[in-house]
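As structure tokens, the structure follows; a few thoughts come after it.
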Amino acid sequence: MALVRMIEVAEAPPEVRAVYDDIMKTRGTDWVNNFWKVLANDPATLRRLWENVKQVMAPGALDPLVKEMIYVAVSATNGCEYCSHSHTASARAKGMNEAMFAELMAVVGLANETNRLANGYRIEVDAAFLPKV
Amino acid sequence: MALVRMIEVAEAPPEVRAVYDDIMKTRGTDWVNNFWKVLANDPATLRRLWENVKQVMAPGALDPLVKEMIYVAVSATNGCEYCSHSHTASARAKGMNEAMFAELMAVVGLANETNRLANGYRIEVDAAFLPKV
Amino acid sequence: MALVRMIEVAEAPPEVRAVYDDIMKTRGTDWVNNFWKVLANDPATLRRLWENVKQVMAPGALDPLVKEMIYVAVSATNGCEYCSHSHTASARAKGMNEAMFAELMAVVGLANETNRLANGYRIEVDAAFLPKV
Amino acid sequence: MALVRMIEVAEAPPEVRAVYDDIMKTRGTDWVNNFWKVLANDPATLRRLWENVKQVMAPGALDPLVKEMIYVAVSATNGCEYCSHSHTASARAKGMNEAMFAELMAVVGLANETNRLANGYRIEVDAAFLPKV
Amino acid sequence: MALVRMIEVAEAPPEVRAVYDDIMKTRGTDWVNNFWKVLANDPATLRRLWENVKQVMAPGALDPLVKEMIYVAVSATNGCEYCSHSHTASARAKGMNEAMFAELMAVVGLANETNRLANGYRIEVDAAFLPKV
Amino acid sequence: MALVRMIEVAEAPPEVRAVYDDIMKTRGTDWVNNFWKVLANDPATLRRLWENVKQVMAPGALDPLVKEMIYVAVSATNGCEYCSHSHTASARAKGMNEAMFAELMAVVGLANETNRLANGYRIEVDAAFLPKV
């Protein structure tokens, strides 16, 4: 149960409804997921986050599916249940099949293992890895 | 400074040298990075981790560059300095340009923001996101 | 379900009951929350933690509500469900309204985003930020 | 050393310079800190983050110093070196004295301790803490 | 609910069944826990992880119960619910009593507290602690 | 460089000196490490933390070396540099040899890997692992 009540589409005040409409139009869906219905208690944050998501997740130098899988990788690392479910669903909708999901999880798991070995042993960065900026 | 001394290539005992040789051959390089020279104090772990990395990072359902960028995403999320430097270097070697790196970081940053909002508000997972397994 | 059984007030042995009584008296309540009933399996830890909480959360240089909101910020960042619920409830009892909670969450979310950008890009600390100690 | 080169004020292209000017004007300073000079490699992200920071950290339901201390709390929890230095400096500039900083750190430390006890024991949330939404 | 369906023992294809049989034989049990039934969707990862667990958790320089308690310490720190339950159950099966579990949790909690104080204050490592490697 | 200046032994006011003396006496050393010299800016926190460390790390149901290694496991998982150095040094002083350290790191690494797989796949806890409390 969320710590604040959710603002449903039917009861949304105009400034919230405008964001909801843009979410549904952008995604081609007729519903809004709980994340936004919780943020809607604070319309300025709702709008800010939605504008951020639109900008960051828009087509760019990376493939949209790759971006969604990076989102899943971060969510698994942070142990965020909501985010793991919602972004895995999004990645599947964008074409991630089971073999790709399994491989994504395998990389995430291994990276978390080697991250802790590097941190635990306090390994110094090789000069060859330092950027020549 | 690492918490244990590093085993250099020239002084490596045979079982360590065999792994070092495989690392250099697989990567087409003539040097071994610090991560492995630290693990080499424990040859069984050195071999285990290298076999894991080879299996997980081998070509599969995902593009090798995508896998490397997922590694960078996890490393940035965990705040692992060594891993951020080494895997960003690897991703660049595999073709990641500056626009791709910037977009990768933007997704990682945003995902960490929304992860905390989902966790902090304790948002319930939408039924539509639950898998039908 | 907790990994150990909870010690209810009615069955608490004297050394546990003494802490329970101090918790209820300090807070002006007639019940003890699950956190303490779990710790009560180890009376020395129960007492230690309660004494710590009393010392740290007592009035001091910071406003009690500010301290409670800092607790919520850490709990959201760590993804701790129990802590998010219990400390948000405490913060509300101390006067946090919905606008304050929304703003708190907004800061927590943004801080987690910029933390990962700073870590992921390995940005060097500006000399101007270093303390002159 | 950052993973990308920093864009100095003197060499900034117009769209970057516009953000730099707004940063300096908003803060009443004549320099820009490294965080923004790194992000400036990606002008769209530079602008997005700066607009986010301005909106989130603007005066609102919470005191600006409280918001800055919440930023420090998250940064300490995440172990972000850059963020700990920069936001502690900001909090000091906004009036945080040494007693307040010590108390902030004490709450952060204790919250991280009790977060792990709640998570490690898998303590169930008390019904009394659940919101009545 | 897991994000992928679980492969039950009765329906497991030969390469999965071989790992399941080794898990049950090694542990002297007649069932397989959910972790492996989820990984079984990706037989190569299933085998890789099981071989890793067998190698790392085998008798060595540390007592098997100590290793299991270290696993619990990491799981509590990461807030992993599945891992806290499964490895606490394993540790109990290997002889951890309630007093040992309570003491383990006490160390984990305190370590998380002092970790954040060290990180938040950015304390420099004492020369005496640096290894002479 | 720490965010606050360190209080050296020679300049410590009486209430700080009393804690320093107890630290040196308890450990049988003639110096105090940076962690305490930073906390000494806040004498109440200095005393509270030192009393906590003494209570939690005292001989009990677990071997002192086991407790120190659990501390190292948490520190590696959190990526805390100061803590990794100081507690690894302590563990070595209490008898941890290189084989034990290597095995400790191997468990920590693997636990972080499997934690992320459990969290990423959102694996449900097996009924057999739930406590019968």
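First chain written, first letter: the chains are A, B, C, D, E and F, and each begins at residue 1.
Here is the rule we use: contacts are C-beta pairs under 8 Å (C-beta built on N, C-alpha and C of every residue); 3 or more make two chains touch, one makes a residue touch a chain.
Because the structure is predicted, anything quoted here is derived from the model rather than measured.
Participant: Kindly list the shared contact partners of chain A and chain D, in label order.
Facilitator: Common neighbours, chain A/chain D: B, C, E, F.
Participant: More C-beta pairs touching across which pair, A-C or B-C?
Facilitator: The comparison resolves to B-C.
Participant: What chain lies farthest away from chain E once each centre is taken as the mean of the Cα atoms?
Facilitator: Taking each chain's C-alpha mean as its centre, the farthest from chain E is D.
Participant: Among all chains, whose Cα centre is located farthest from the one for chain B?
Facilitator: The chain lying farthest from chain B is C.
Participant: Report the inter-chain centroid distance for chain A and chain E in whole angstrom, where each centroid is the mean of the CA atoms.
Facilitator: For chain A versus chain E, the centre distance works out to 27 Å.
Participant: Could you grab the centroid distance between chain E and chain F? Build each centroid from C-alpha atoms only and quote it in angstrom.
Facilitator: Taking the average C-alpha coordinate of chain E and of chain F, the gap between them is 20 Å.
Participant: Send over the residues of chain F in touch with two or more other chains.
Facilitator: Expected reply: 1-4, 48-49, 52, 56, 75, 77-81, 84-85, 88, 99, 102-103, 105-106, 108-110, 112-115, 117, 119-122, 130-131.
Participant: How is the touch graph of the chains shaped: line, ring, star, complete or other?
Facilitator: Topology of the interface graph: complete, with all chain pairs in contact.
Participant: Which residues of chain E touch chain A in their complex?
Facilitator: Against chain A, the touching part of chain E is residues 3-4, 41-42, 45, 48-49, 78-80.
Participant: Going by the contact rule at the top, pick out the chain C residues touching chain D in the complex.
Facilitator: Listed in rising order, the residues are 1-4, 31, 33-35, 38-39, 49, 52-53, 56-57, 60-62, 66-67, 69-71, 73-75, 77-78, 80-83, 85-89, 97, 99-100, 102-104, 106-108, 110-115, 117-126, 128-131.
Participant: Sort out for me which residues of chain C touch chain B in the complex.
Facilitator: Answer in residue numbers: 72, 75-77, 79, 81, 84-85, 105, 108-110, 112-117, 119-122.
Participant: Given the complex with chain D, which residues does chain B contribute to the contact?
Facilitator: Contact set of chain B toward chain D: 79, 84-85, 88, 98-99, 101-103, 105-106, 109.
Participant: Provide the residue numbers of chain D that touch chain A in the complex, in ascending order.
Facilitator: 1-6, 44, 48, 52, 55-56, 130-131, 133
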